[in-house]
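What follows is a group of structures, each given as structure tokens.
Here subunit A shows up in two complexes: once beside subunit B, once beside subunit C.
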Partner chain A sequence: MNHLFTYTLRLADNALVLGQRLSEWTGHGPFLEEDLALTNIALDTFGTATSLMEYAAKVEDKGRDADALAYRRNEREFTNILLVEQANGDYAKTILRQVLVDAYNVLFYTELAKSKDETIAGIAQKAIKEVSYHYRHSSSWVIRFGDGTEESHNKIQDALNELWRFTGELFEQDETELTLIKQGIAVDSKAFQSKWEKQLDELFAKATIKKPETVFMQTGGRKGIHTEHLGYMLSEMQVLPRMLPDAKW
Partner chain B sequence: MENKNFEDVFEAKLAKNEMVEPKDWMPENYRKHLIRQISQHAHSEIVGMLPEGNWITRAPSLRAKKVLLAKVQDEGGHGLYLYTAAETLGTSRDELLDALHTGKAKYSSIFNYPTLTWADIGAIGWLVDGAAIMNQVMLQRTSYGPYARAMVRICKEESFHQRQGYEIMTHLSFGTKEQKEMAQDALNRWWFPTLMMFGPPDAESPNSENAIKWRIKRETNDQLRQRFVNQTVAQIEYLGLNLPDAGLQWNEAKQGYDYSEPNWVEFKNVISGNGPCNKERLAARNASHKNGEWVRAAAAAYAKKHAEPFMAA
Partner chain C sequence: MLSKEKIFDLIKEIPDPEIPVITISELGVIRDVIVNGENVEIKITPTYSGCPAMQQMENDIKAVLKQNGISDLKITTVYSPAWTTDWIPEEAKEKLRKYGIAPPEKTTEDKSWLTGKSKIILCPRCKSKNTKLISQFGSTACKALYQCQDCLEPFDYFKCI
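Up next is the complex of A and B:
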């Protein structure tokens, strides 16, 4: 098993699937400035996804390029975490999904920038600045919603109740990760789990919202066992390359 | 008496090719014309995000997806500069959006046509943005300063968009048989609606005369349309596609192409709300605005809560 390929592809899938979700908002944001901001975040996310896909293709070295990895794999071959494929819902749900990922990504990419794999370290280095900005954006909206109107408070609380069960996967580790952690290539996410939780607890306190208490954590993404959302997303995303398999775009 | 002096100053500025700025005196019909034109332009940008946005999630490669996303974002940015330029004339974005959402304000009719295939994204960038540039280049030197300055930036970005569109058309036209058919089909559907973008023939264009006097426009609809046709024929030939106009013919005397008039009945129909997507576009704008209401309310409520202590101090 090519652990480096598996690991890089997971990270690429996370970014690609999240970017795809975010891009669904373009042209439909709650107001123009926010439409532009969210589109920017989608663009950053696709940028990271592309760099990671390209590297995954190179590491795999089987003649597939980044587009082949993005457009020619089936649902069961995608290894993103379940959180990023969840439907956008209302703006509170989109923002809450984003803040969970952004808070994680700031810590994650900061560590990943120290990876012994130079390409991965380089991609992470570039991503740090972007995800820090993304976190500023999403966290400030969480506070505004939580401490805004009764309606916005309820919506952001509902979103947290609904999405928290998908956060367990952020800290899962399997053989691939453990092997690469030992080699100094992958990030040991467990090492910053309590920091991530504390940071979010402080944010939720400011927003006057509460994490749901006893939650059964969902899992499966790493093994390609997804929620029903992903299949629809991929059929839409992949339609043209699948329809005209010989075409170049 | 005083008004007369103001008017002389205004006319003198126009005569000297100087810019009129927001604090300068200006005739009321000049202000009204500008608000109408700038806001229609702003509305066109944000409504224009919809037909192209329709393909963002289906863009066929990672690169195409990023380029299209950036392009649609640019259109939103143009909307933002233009609303801001319109606000310098004493109106507000809320008023302008309200006019759009209630169907009172117009936007470019071209966006009432559907984007049915990926080639339509190429055709829009190439033809629609190409036509828009031809209309807009002259606006960089228009008499109203904030509008002229917004247009400088917009035109720069639009020329990237046109290249992006032509690049898609190139990939398709030199691609597989199916891709080439897709490109031809898009050209067939977008050609005449694009010609309509220059507005009705000069003889029937009610707003042109003042617009030219005020340097809000510098060339007539028919002049611009002719220039567009002349420029585009060679681009179509390069792609190896057929121009969907049997009446197209080189006219040696005028050193330009003769072409068939678009269907002006269709044009009037689309303008008056009966185009294929008028209802969908307006409904989509209204839905986003309405769905965003609680978001805007939350932001306002939060800002108010947290501004008070500072104001009291």
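Up next is the complex of A and C:
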């Protein structure tokens, strides 16, 4: 098994699927500035996805390019975590999903930038600056929703109740990760789990919202076992290259 | 074959596709020029991971070099060291200001925003300090949207990263 390929593809899938979800807001944002904000965040996320996908294709070395990986794999072959594929819902849900990922990404990419794999480290160094900026945006909105009106407070609290069950996967480790952690290539996410939780607890306190007490953490994304949402998303994302293979702009 | 310096001179004046008052070399996108016999390799670094102008910059570099008889050309993307607005020289920042875009304030060493303090961004038109952030995200990946409270003009701010 090619662990480096598996690992790089997972990171690429996380970025690609989240980018696709965010881009669904383009033209539909609650107002112009937020429409631009989410579109910009989607663009950064796609940028990271492209770099990672290209590297994954190179590591695999079986003649598949980044486009083939993005457009010609089925749902069961996607290895993203379940959190990023969750449907956008209302704006509070999109923002809550984003803050969980952004807070994680800031810590994750900071560690990944020290990877012994130079390409991965370089992509991570680039991503840190962008995800830090994204966190500023999403965290400020969580507070605004939380301490805003009763309506906005309920919406962000509902989003947290619904999405928290997908956060366990952020810290899962399997053979691929454990092998690459030993080699100094992958990030040991467990090492910063408590820091991530503390940071979010502080944010949720400011926003006057509470995370659910006991939750059964959902899992499966890395094995290709997804929630119902991913298939619909991929069918829309992949329709053109599937209908007109090798179409060029 | 042209020398490394000559090739750099040919491409350094190519304007940024989205902000044509500054050049791609002022922006710090060109990282290296490597001449190996007949083969030329240009190393570039993206400003933002997903910046759509990068493809245009590559095409512009290819076009300029082709006009000068260089066809055996490879453009590679490097990620490290990560691009920073600290690489933009003062003269280029002044050009941005004259164009109506507030240039990145200070350097990325200034971490005061992390503690919630926001930087004072001068209005590029009337130089007023009385400006406010409208949106962290603007018309391109590299800019945020501000408004001057004195002359009331909205303006782009080139984000400091």
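The rule we apply is simple: the second predicted complex is superposed on the first by the 245 of 249 C-alpha atoms of A that agree within 3 Å, B and C clash if a C-alpha of one lies under 4 Å from a C-alpha of the other, contacts with A are read in each partner's own complex, and residues count from 1 in each chain.
The rule is short, and it goes like this: a residue touches a chain if its C-beta (ideal position, glycine included) is under 8 Å from a C-beta of that chain, and two chains touch if they have at least 3 such contacts.
This structure is a prediction, so every number in the text was calculated from the model and none was measured.
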item	value
Partners on subunit A (subunit B, subunit C) - clash or fit	fit
Which of subunit B and subunit C A:T48 touches, first, second, both or neither	second
Touched partner set for A:Q20, first subunit B, second subunit C, both or neither	first
Which of subunit B and subunit C A:N40 touches, first, second, both or neither	both
Touching partner for A:G220 - first (subunit B), second (subunit C), both, neither	neither
Contacts of A:P212 with subunit B and subunit C, given as first, second, both or neither	neither
Larger contact residue set on subunit A - subunit B or subunit C	B
Three-chain overlay, vertex subunit A: subunit B-subunit C angle, C-alpha, nearest 10 degrees	50
First, second, both or neither for A:Q125, with subunit B first and subunit C second	second
Touched partner set for A:G184, first subunit B, second subunit C, both or neither	neither
Least Cα gap, in Å, left between subunit B and subunit C after the two complexes are fitted on chain A	5
Common interface residues of subunit A - those touching subunit B in one complex and subunit C in the other	33-34, 36, 39-40, 43, 46-47, 50
Residue numbers on subunit B that touch subunit A, as the complex places them	46, 49-50, 52-53, 56-58, 60-66, 69-70, 72-73, 76-77, 79-80, 83, 118, 171, 175-176, 178-179, 284, 287-288, 291-299, 301-302, 305
In the complex, subunit C residues that touch subunit A	46, 48-52, 77-84, 113, 134-139, 141, 145, 159, 161
Of all residues in subunit A, those that touch subunit C in their complex	33-34, 36-37, 39-41, 43-48, 50-51, 118-119, 121-123, 125-130, 133, 136-137
Touching residues (chain side subunit A, partner subunit B) in the complex	16, 20, 23-24, 26-36, 39-40, 42-43, 46-47, 49-50, 53, 66-67, 70-71, 90-91, 143-145, 147-149, 151-152, 155, 236-237, 239-241, 244, 246-249
